[in-house]
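The data blocks that follow each hold one structure.
You will see two complexes here that share chain A, one where it goes with chain B and one where it goes with chain C.
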Partner chain A sequence: MSTLVRDRAPVQTGLVSVRAPRKRLSRRTLLLGGAGVVWLVGFLFLHGTATLTLPASELTDLHRSLNQFNAWVASNRADNPVFQYVFTPLRAAVDAVANLFIGVFAASTTGLRLPEIGWLGTVALLSWIALAVGNARVALLTAAAFVFFGLQGLFTEAAYTFALVLTAVLFTLALGIPLGVLAGVYGRVAKVITPVLDFMQTLPTFVYLAPLALIFLIGPASAVIATVIYAAPPVIRLTAHGIRCIPENTREASDSLGTTGWQRLVTLQLPLARRTIVMGINQSTMAALSMVTIAALIAAPGLGQVVIRALQSLDVGTAVNAGLSIVLLAIVLDRVTTAASRRAEPGANRRRRISRRMRYILLAVSFLVVLVTVQLSRTMLWAAAFPKDLNIGPAFVSGVSSASEWLQTNLYLFTVSFREAVTNGILNPFQSLLTETPFYLLVAVIVVAAFALGGWKLAAVTATCLAVIIYLGLWSDAMVTLAGTLVATAVVMVLGVIFGVAMGRSDKVDQLMRPMLDAGQTMPAFVYLVPFLGLFGATRFTAIIAGIIYAAPVAIKITADGIAAISPTVMEAAVSSGSTPWQVITKVQLPMARQSLALAANQGLIYVLAMVVVGALVGAGGLGYDVVAGFVQSSLFGKGLAAGLAIVFLGILLDRMTQAAAANPVRKVPSAKSPAH
Partner chain B sequence: MSSPDISVRNLWKVFGPGGEKIPKDPGLSALSSAELLERTGCNAAVRDMNFDVAKGEVFVVMGLSGSGKSTLIRCLTRLIEPTSGSVLVDGKDVMQAGTGELRELRRRKMSMVFQHFGLLPHRTVLDNVSYGLQIRGAAKNERYARSREIIELVGLKGYEQHFPDQLSGGMQQRVGLGRALAGDPDTILFDEPFSALDPLIRRDMQAEVIRLHKEMGKTMVFVTHDLSEALKLGDRILIMRNGETVQCGTGDDLVGSPADKYIADFVSEVPRADVLTLKWITDPVALGTPGDAPVLSAGTIIRDAIPTVMNSSCPVLVEDSGKITGQIDRDSILSVIRSTEVAA
Partner chain C sequence: MSKAGLLLKRTIPTLAGTVAAALLLAGCGGATVNQAAAAGASGTPCGTVNVALNAWVGYTANAAVYSYIAQNKLGCTVVQKDLSEQISWQGFGSGEVDVILENWGHEDLAKQYITDQKVAVDAGPTGNEGHIGWYVPPWMVQKYPDILDSKNLNKYASLFATSESGGKGQVLDGDPAFVTNDEALVKNLGLDYKVVFSGSEAALIQSFRTAEKNKTPLLGYFYEPQWFLSEVPLKKVSLPAYTPGCDADAEKVACDYPDYKLNKVMAKKFADSGSPAAKLLKAFSWTNADQNSVATDIQGGMKPDAAAKKWVDAHPDVVAAWLK
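Up next, the complex of A and B:
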């Protein structure tokens, strides 16, 4: 009993709760500090030895055997039963659906290579769909955006991307919603799939591609399958969440009337979860767009391919042009699905401005117009292919290119000296600290740190991850990636704390920033590379800056939510005892939001890692480079596959360690048996 | 009174791992709740309860929060699965009912009204009230016609197309009441239905329940933590503490002869003159009382007897089923009123 009382005490007063963990931390701090000192001393005397460096073009035996595996798959694809009866039919089915949509919107494989319905029909049809699931505003936005794609000279590419996103989203929903419903209804299903989903979501988009391309070949099918894997978790999770979170009293009331399980699902759970499910569809759609663009690396057609080719040839103008249309497509998809989720809100049709009947009539009439335009676009050339003389793309491309050149020459002092200062001042020293320390020393240091953070279990997981990375033969590259990731995450956390505190403390700042952060989160990862490529050229630095910008919104939002969630009473008590704002921030808000800060660091790391890997496209080295090289050169395929695996294990390692750091204070308090005070 | 509508025998509900062993184990079942929790980690919310509810009766279960009353009422239709015992409804044991039978019971025999209403936010008042009918497969026309009647009965005419979040708390609970009534069940279970409402609305709703009871004559089991509500509505009141029955009787019994100090404390602030009947204050007939003195029935509430006693120059006689049982005078009435004032 007495331990219970003692353990509860710190929770009650803010002062003690700040002090108590600090005392308990001492052993942990000692271990961490000791490991740090050993590392630095070891680095001083032993640096440059046992670094396990592997030059870019060299392979280990493992890589070679993976190459052989690749060759084996290629030669046995036709007659291996697993391929014959599972993978090949699956691929054919997915390809059929994808080609159907590609044929309708982008380019049919027959005749003039014009799509079944030309640009005019596409614009009309998609706007009508936006009108039907959303409202007139998003319908207009859709029309404007697709016309703009035409003006950019990218209509066909955008249509390809859209067709792939559509295919992937359909498969995702067909798979994800039933699975989500099952997980929502049966706790056991949820228990099984949650860890799988967690794992899927910590993987950077990049690493799905190579194994899928190996099994399903390059092209639309593997792109769609990779996208489904990446985009399914949000809709599964949110559907399950929506089903599960029916208020207990409503559920009980419905049970008390004698509902069967099916009746409960249909009359209560699904209608009440509708909004959440549509939010899941929104998130999955955004994830799908992100993945479809990146799948350009395995030859998925569309805007992503334009961007990637431009990135590889450092053609900033073209990259910006295509990047802009990806951003625009993201905005359209986000707005339309968000409008759909508003419509799905319980009671939304109560606030409608026009009656339901009027709405149906309007939809029917406008559908007739759509049919006419579709027919036009099938018969008239001007309505089938976007008029070439309206193409302002090339002008835009050259304008952006010269602007970028101008910026790079005239802001030379600023951009280059900033880049060099950060690269030489922080990045290089830190990277060499990681890469030039003997691997055994660094492994020992990381494992000890893991032990200090999360005990034997975490130490074992960490050691396993590191051992796998070494076995994969990519230790040095992994350390390069790790260095970039850690530096970027440190900056992300600084931004997270500054803006998060500002948002958490002021509603005005929150209202100002939140829409920008939301918008930032919906963009596909690699469009972030484009503007910084224009400013800083193709270097590691560009990838890191892009990673920071990509990850900052998550970290800022989590921090802001943590600070805003602190009870107003505590804040009032702090202010009424005469604290200055600075004291309130440092003594009350940040310590109390510590849990959120740790979570922000965790999410920040995952996002940064994803971006630093993609940054290989603009010159970041490390594992990402190996992956990209694996796509391009078949002799490096095995190494690329190994690098993908190494990224997975690096991700697991970072995820588990930050999670342990986040969970630690809470877990330690109740289990402490030693008399602390 | 006809045969009991609901009879509960040896009903137990034990929460916690291994709870099902406790009712059978004489050593454990005798333990107090605190000891049981410490020894086994189980929490006995309902312990060996026995009671009967007669047809057409308003039976009130009263207790403080945590006394197990809400668990008890949910055990009646197995919204919470009882650990052991039996619940006979119309002579059939609910505990033995299969899934289908249980569903039929919930659909046709017993409906429930909840503290937090439990309305379906995505449905209109009309669709909420007709929900139970829809569940049991009634055709649309039929269920809407029936629901419109009920909506009028609970005083919500004109609000059929409103959604729950457009209604006040009191009106929402009227919808809850309407939903329970729509299926025309024999019994309505109320789980603290008016605790979430403010006092004035609560009074209205209590009056509404009394009116509906008079009009429809349904059996009602009513859970509350509010003694004045219990006294106002209940034909009989069962007081629970720590999952056990402390006392079960009419309001008059509880206030007049509380079973223990717990109940005495509970009822100490009740204005006794409003609840007690003359039988509790009757003195033996004194020698000087004239034979033609006014006569009142022993079942008269004391407060109602005041005018007669005040207007009479002599003590008033009290009769019980035709026999004079004693007398009362101004002093005996004043002493009842005084004792309440002192306690307050």
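Up next, the complex of A and C:
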């Protein structure tokens, strides 16, 4: 669901595995092992006591007081100055821009609800823009994709989604780039902004959908605002990162010429950071697309609505059809913005095949063609609405549906027994180990483990996070979520190691896998849920699969990069000394890529956690369910809000602990510190 | 410097081009196919009607028939939006939703949006009577005759246990957005059960169908009117009888669901607009059998629009009365 971009320094995979002094390592192991033993013994003797279980229908006083927010907004909407002068005008402004683009591309409010620019004009105009900012290849891709939307019978829906993404990206950039520049130039701003961005990215999207819908009411305006909140962090981070990473000597050279701060920004920092900024735009655009899809839950029109309807009626064919559109749109947006960032690279000018003059002439000529098609699409019905006869959508839908029905009937025994085996064999015992241990014991065990991994500071952070979760009244639900998250992350790491090693060892495998991983990452989570829902039913198992699919590509990529970065000399030495491939992998490559593996585990955890709420749509319980229920049932509003916060604190806890584990055990060596973010 | 301006230089022609295009289009006059068609098709003051679409087939049936008539007999433009029940109500304030076609109770929302905020008005009953409850597949009643009394449920709890219910019996619920007291019922009636959500009406129906076919035990949330009951006549478990006010505190409910007189709700603005579609909404009223016949057709693979047309063509008198 999210693209958690953190501007981490690349992992250092040099020869840092200087063995820790024996004594120190054993103390850490001792502490961890001791904590584990205490946990198991405690579970055996005390299980079922002090579990802090809160039945799903029950609320704590805190939840009830959060519920009041709902009533407060309702009674203050009309005459509170905050609403009168801030929220209502803001909503009106966003609404106006969103409706402008919707009217242009998807459906105007007049007459037949045809857009101002019909399908033919839209295809031509967007392809031309792709040509202007990118190249001929992405222009062709754009044209092909949009015509394909028409063939799928989803042109209007895709146009709605596109219009909303466009609106959201415009607002995101207007907000994000200046903030990013500020954070890049002034370290103090960065210090304030970074934790806020961390918070924004760990907060599950559903959590702010509910209050946003309450304040801004449902509709495109709230959808855009939610999307901006979700999509802004990448561009802010990358802009700041790009500006901060300008080499010191370049900056000093410029300073020695006597440039003022503003001159330096415009002539040096922005141009040099341009490529990173455009990368940020790329990331934000992808995030915006996945959020606009989810915002269908608060009446954002477009492809998301089709997917939701399919999810509710278990209609695999329709879901796959709409999902295909979303993936295609994601690919188009990704490739066009990537091409734009290539073009923004310093020196891209020189590599061009045609002269700049020639290029401008070409653009001008093709633009005239675009104008003609736009005019056509405004005056001719066949060019305004996509011809209905050219619709292969229904055929495609029924084809996929019958294929999935065949799978469901014939694989039923296999899928069900596999699901039951995993659930009963692994998930349930592990979950009860977490939920049925007395809370005080588990808190103690986790804090001791944190101390062993990262000292007093980490222990304090961990204790605070756990205390907040207990205060929020959701301890038991948090443990259910933790169990699912850890199981999913374990599988992600297994996949990460298997495929990462294969990719790291062979360029061919890498070339084959990478596009698939990219596709997996760009695909909004909603899309692949429906087929799995068909195969496995609404269970925690399905939710875990959703998390795995979402997180595995990141883990695989990080592992592969770590393995590939090991110096060839070391490998040569290992091979020439007669090691078998298995020995090379287990004795050289994996130990040397240890930091990458730890980073992969860290990112895998965070990504899996980001899917917790989406997983609740297909049967996960715990915090994710609380958030979803709080979103759709007003009596549970406060509990949902609290559950969202609990997810954030669980995320902080897991992030800090895995980062500490990733750091080299010899904490005294500064170069071995895990890169802070 | 040239590098500094590069991005800008590339953006400016794009922007300029777009502006030029807009100007050119404006110059070419407003006679677009869109507006021309609008002028031709009009003659009725009916504009756009935004219909909330909640996620069960019975609702879809209501919405299909209403939309079909509004579109084809009144010339309105109908926009259907997939929304969950409570979110739909929020749309009355923003103008995103004009019509809710099947409302199940929701007294708190009615108070908030109709009485307090005055953005919505009641548009009268749909003629359908709704029942929510716990159901079991018919084979279970034959084998365990006393299962239909909630007092005996604990005896059978182990029968209903699944890998999701943590050793207790499972009560299968639908969409978390549906009206439900089941979590509170399980707790307050002291039942050894756990509520598990299947996520949707479709999933509930599939589960009940499989349970009856394979003779596997299942206890689940279900409701009438519902087309599926004519395919598999599920049996309702009797919970402690409903008395007015026994469900006032959501956390303390220990009684059956009330009988719902299902009604329609519309936005105040829409009601005051004098649109013929608002008049149609007030008049819209039919029987459970009517709804089930349309729902069965939709479930059988017919497009909602086609199913609505079939029903409308078969019931000209009813429709004529609505349009009077």
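Just a few scattered comments:
Everything that follows uses one rule, which is that the second predicted complex is superposed on the first by the 579 of 677 C-alpha atoms of A that agree within 3 Å, B and C clash if a C-alpha of one lies under 4 Å from a C-alpha of the other, contacts with A are read in each partner's own complex, and residues count from 1 in each chain.
Here is the rule we use: a contact is a pair of C-beta atoms (placed from the backbone, for glycine too) under 8 Å apart; a residue touches a chain by one contact, two chains touch by 3 or more.
It should be emphasised that the depicted structure is a prediction, and the values quoted were computed from it without experimental measurement.
Applying the stated contact rule after C-alpha superposition, one finds that A:343 touches chain C and leaves chain B untouched. When the shared chain is aligned, chain B comes close enough to touch A:260, but chain C does not.
Of the two partner chains, chain B is the only one touched by A:249; chain C is not. After overlaying the two complexes on the shared chain, residue contacts for A:132 are found with chain C alone; chain B is out of touch.
Applying the stated contact rule after C-alpha superposition, one finds that A:374 touches chain C and leaves chain B untouched. With both structures placed on the common chain, the touch criterion links A:75 to chain C but leaves chain B unconnected.
More residues of chain A lie in touch with C than with the remaining chain of the pair chain B and chain C. Touch criterion met: A:271 reaches chain B and chain C at once. Once chain A of one complex is fitted onto chain A of the other, the partner contacts of A:612 are absent, as it touches neither chain B nor chain C. Applying the stated touch rule to the two superposed structures, the overlap between the chain B and chain C interfaces on chain A comprises residues 267, 271, 346. The touching residues of chain C, counted against chain A in their complex, run 1, 3-4, 6-7, 10, 13-14, 17, 21, 24-25, 28, 31-39, 41, 48, 53, 55, 77, 81-87, 90-91, 93-97, 108-109, 112, 116-117, 163-164, 166, 175-177, 181, 183-184, 187, 195-203, 206, 250-251.
Contact residues of chain A toward chain B in the complex are 247, 249-260, 263, 267-268, 271-272, 346-347, 350. By the touch criterion stated above, chain B contacts chain A in their complex at residues 74, 77, 79, 102-107, 111-112, 114-122, 131-132, 134-136, 163, 165, 176, 179, 183, 189. Of all residues in chain A, only 55-59, 74-75, 77, 108-116, 118, 125, 128-129, 132-133, 213-214, 217-219, 221, 266-267, 270-271, 274, 296-299, 301, 305, 308-309, 311-315, 343-344, 346, 349, 360, 363, 367, 370-371, 374-375, 378-381, 384, 419-420, 423-424, 428, 432, 533, 537-540, 617-619, 625, 628-629, 631-635 touch chain C in the complex they form.
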